[in-house]
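Labels for the chains are A, B and C, by order of writing; each one numbers its residues from 1.
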Amino acid sequence: MRTAIELLVNGVLLGGIYALMACGLNLIFGVMRVINFAHGEFLSFGALLGVSLVIGFGVPFLLAVVLVAVAIGLFGFLMQAALVERVVDGPPIMSLLLTYSASTVFVNGGLLIWGGGYQGMPGVFSGSVSLGPMNLSQARLVAFTVAVVLTGLVYAFLAKSMFGKAIRAVSEQPEIATVSGIAAAQIRYLTFGLGGLMAGAAGVLLAPMFASDPQMGARFVIKAFTVIVVGGLGSYVGAFVGALTIGVVEVVGGYLVGQTFATALLYFLMIAFLLLRPSGLFGVGIRR
Amino acid sequence: MGATPLLVVEGVVKRFGGVVAVNGATCSVAERSVTGLIGPNGSGKSTLFNCIAGVERPDAGQITFLGRRINGRSPSQICEIGLARTFQITRLFREMTVLENLVAVAHGLSDAAAVRRAQELLAMVEVGHLQHALAGTLSYGQRKLVEIARALMFAPKLLLLDEPFAGINPRLQNRILRYLERLRDRGVTLFLIDHEMRILLNICETVLAMDAGEIIAEGAPDVIRKDPRVLAAYF
Amino acid sequence: MSGRIVALVLLAVTAALPLASAAYVVSFTVQLLLFVILAYSWNIISGYTGYTSFGHTSFFGLGAYASTLLILHAQIAWPLAALGGGALAVAVAWPLGLVMLRLRGSFFAIGMFGLARAFEALAFGWASVTQGGTGLYLPPAYDLRPIYYLLAALAFGLVFLTYRLDNSRFGLQLLAIREDEDGAEALGVKTTRLKVRAFVLSAAAPGICGGLYATYLSFIDPPTAFSPATELTTIAMVLFGGMGTVLGPLVGAVVLSVLYEVLWARFPQIYLGMVGLAIAGVVLLMPRGVLPLAMRRGWLPHGRGALRRLASRAVPAEA
């Protein structure tokens, strides 16, 4: 029983970080019907940049989260402006090919900058916290808290600010060109930037838990796809709920059948949802 | 009525989420007849066509074509029984030539026979000279004509035409009218959606009027035109 | 008929190559043939049918593992084992196609990508059979020429098959699915049956080829079997040459193989990035690829000539 609760809690904690990554991915999909294959590299770059700042330059962890989030956010903004914007009106497969190839270039760039080895963040939140009968990793608790706060902040931004409302308007009706004077192109840049910001932050938050390397993106991007498929394509809240679900499935599945088969399990979950419930738990149901 | 009905639609219902697009529509189309389907925008005409063609699966009701129950079958199976269609917005394969568009949908014919048949049909609608043009480069009117020819590739018994006269000039409308009359004379049953009363009066023996997902009136075109229920639906 | 002459010359050169040249040239050509096979196979499902797969290495990897295990545990001769690899790929592709091809566009691509990653994870995890990350070793093959000739036969066979496909009604119907699947279905094209057939067809050769490649390397491990680099290179080649054309994959494979060989030799550390840049460049600058461009400029005859010839035979003079 104690194990069960501990697994469940750990799953939710992990899911919180996935939410940060998947909400951004889903936001991008919602606004421009583009699936950003390079989203995994936003995460891995975030993690590696975080390690460099914290370990290399002694920057405090939480400050590193902020700095990296801003940097990767800017990176995402530029990627949209320079690349994705050119194919945003074309067939969806073109934008997917473009972000797929961008992902490859980024992985290669990451290998050149950081090398192929695993990079840890030793000594950062390495302790554990006793909560009643449970022992929870400090790193996971901090990461979860920061992730949920950040996801909530972005949600509030979408709900309250003018730009946020414009993003939601375009997401619901992609054909409209301007919303209260804000051009659709600007909205797309900003959305991609936001997606980058969230994934970058998620990367830094993951760094104390798992060793990072430039090739880790593919693993996480598949998880993020699974999350948005399960949660519902284009739905921010859906991505959040989906992320917690996937976190739990991964942790509990990993305990029951081992990590490798848990990865395969997640994949089958994604396919099952795509086929049987393409609108996911909360989604708008776009199959193309 | 007289002739046996080729197509019978009984109590067909189709919902999209909470919206009821077709609400218990019942009608029939007699063999070798020309039947028109009118109704204001959003009255469920295209959805009914999609149900008949198998693109949408009705939530309730029954559709019988040539004595066989066809709801639940895939569009290609329904096609094979002898039903063809054109689309409201033309859907040619744009990257293929006109001839290839026709040959691609042929079945039960050798390549040579399919090419010959395609050329005959293109000649019938007087666009034979366009056979090697890419479909994507055609004008709107030309696409409409090619689409009619393509729908005839497998000698259908029933041809569904979704707004064949919409958005084209009167000269082309008259041309299409002439082709449809020729098809009727060859024994093809025609079932068409359109708004052009002038044309429907000309070609249809029977007109069905639809409103809010139901068939509200049926009769000869000049009767339907004056039917108070139909007028009420439009205004 | 110049096409036939070119084909004969290519055939002769390929046949004579291992007799006359250095091991380096032969090993380069083996790589080239491998990619020609993968590119043509990918072209059937992704180029003609329009179902862009990001996980076709699944079949390559399955074939590689199946044939290696057949050689190791059942002492089956390697050519037969490679055929066994192809048979497994086909046997998996059939039910898989029925399921996966219900996904459209980007979701099919991602589904296939995930599939390759799931297979890779299984190859790592199922260590009792696959030895996990250590990989499986085969007794080294001393004479590589038989493998070379089999790969060459497979490659030429696929070029010919694609030529036939391009000029057949089946090929036209696959193009119709690519253009407008629902429209084609509404016009009586049996889309499900046809696209599953195309998918199975596109899985067979990679399965065989995976087996041959494992024999050639006398080694297989998960990253080699399900390599994203292989996948990406294949896609780049077909994109560059022209999706859904007869000669596009060949042109793409030759041009990019030569290019990569130069880059590989000097800067192996940026190989993947260069492939990525190549794809991005094609997507941004000429999304249809080289061959369709050449066709439109009139440098090359249009594809699907058989139908045109039939048409001109039926109507001698155009009105």
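Convention: a residue touches a chain if its C-beta (ideal position, glycine included) is under 8 Å from a C-beta of that chain, and two chains touch if they have at least 3 such contacts.
For clarity, every value in this text was computed on a predicted model and none was experimentally measured.
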Chain closest to the middle [Cα centroid of all protein chains]: C
Chain pair that, of all pairs, has the most C-beta pairs in contact: A-C
Chain centre separation in whole Å, for subunit B relative to subunit A (CA means): 48
Cα-centroid distance, subunit B relative to subunit C, in whole angstrom: 41
Inter-chain centre distance, subunit A versus subunit C - centres from mean C-alpha coordinates, in Å: 33
Residue list for subunit B, restricted to those that touch at least two other chains: none
Residue ranges of subunit C in contact with subunit A within the complex: 52, 54, 99-100, 102-107, 109-111, 113-115, 117-118, 121-122, 124-126, 228, 232, 235, 239, 269-273, 275-280, 283-284, 287
Subunit B-touching residues of subunit C, taken from the complex the two chains share: 168-169, 172-173, 175-176, 178-180, 182-192, 304, 306-308, 310-311, 314-315, 318-319
Subunit A residues within the subunit C interface of the complex: 35, 83, 86-87, 90-94, 96-98, 100-105, 107-109, 111-112, 218-219, 222, 225-226, 258-261, 263-264, 267-268, 270-271, 274-275, 287-288
Touching residues (chain side subunit B, partner subunit C) in the complex: 53-55, 74-76, 79-80, 84-85, 87, 91, 93-96, 99-100, 103-107, 111-112, 114-116, 119, 128-129, 131-132, 150-151, 153-154
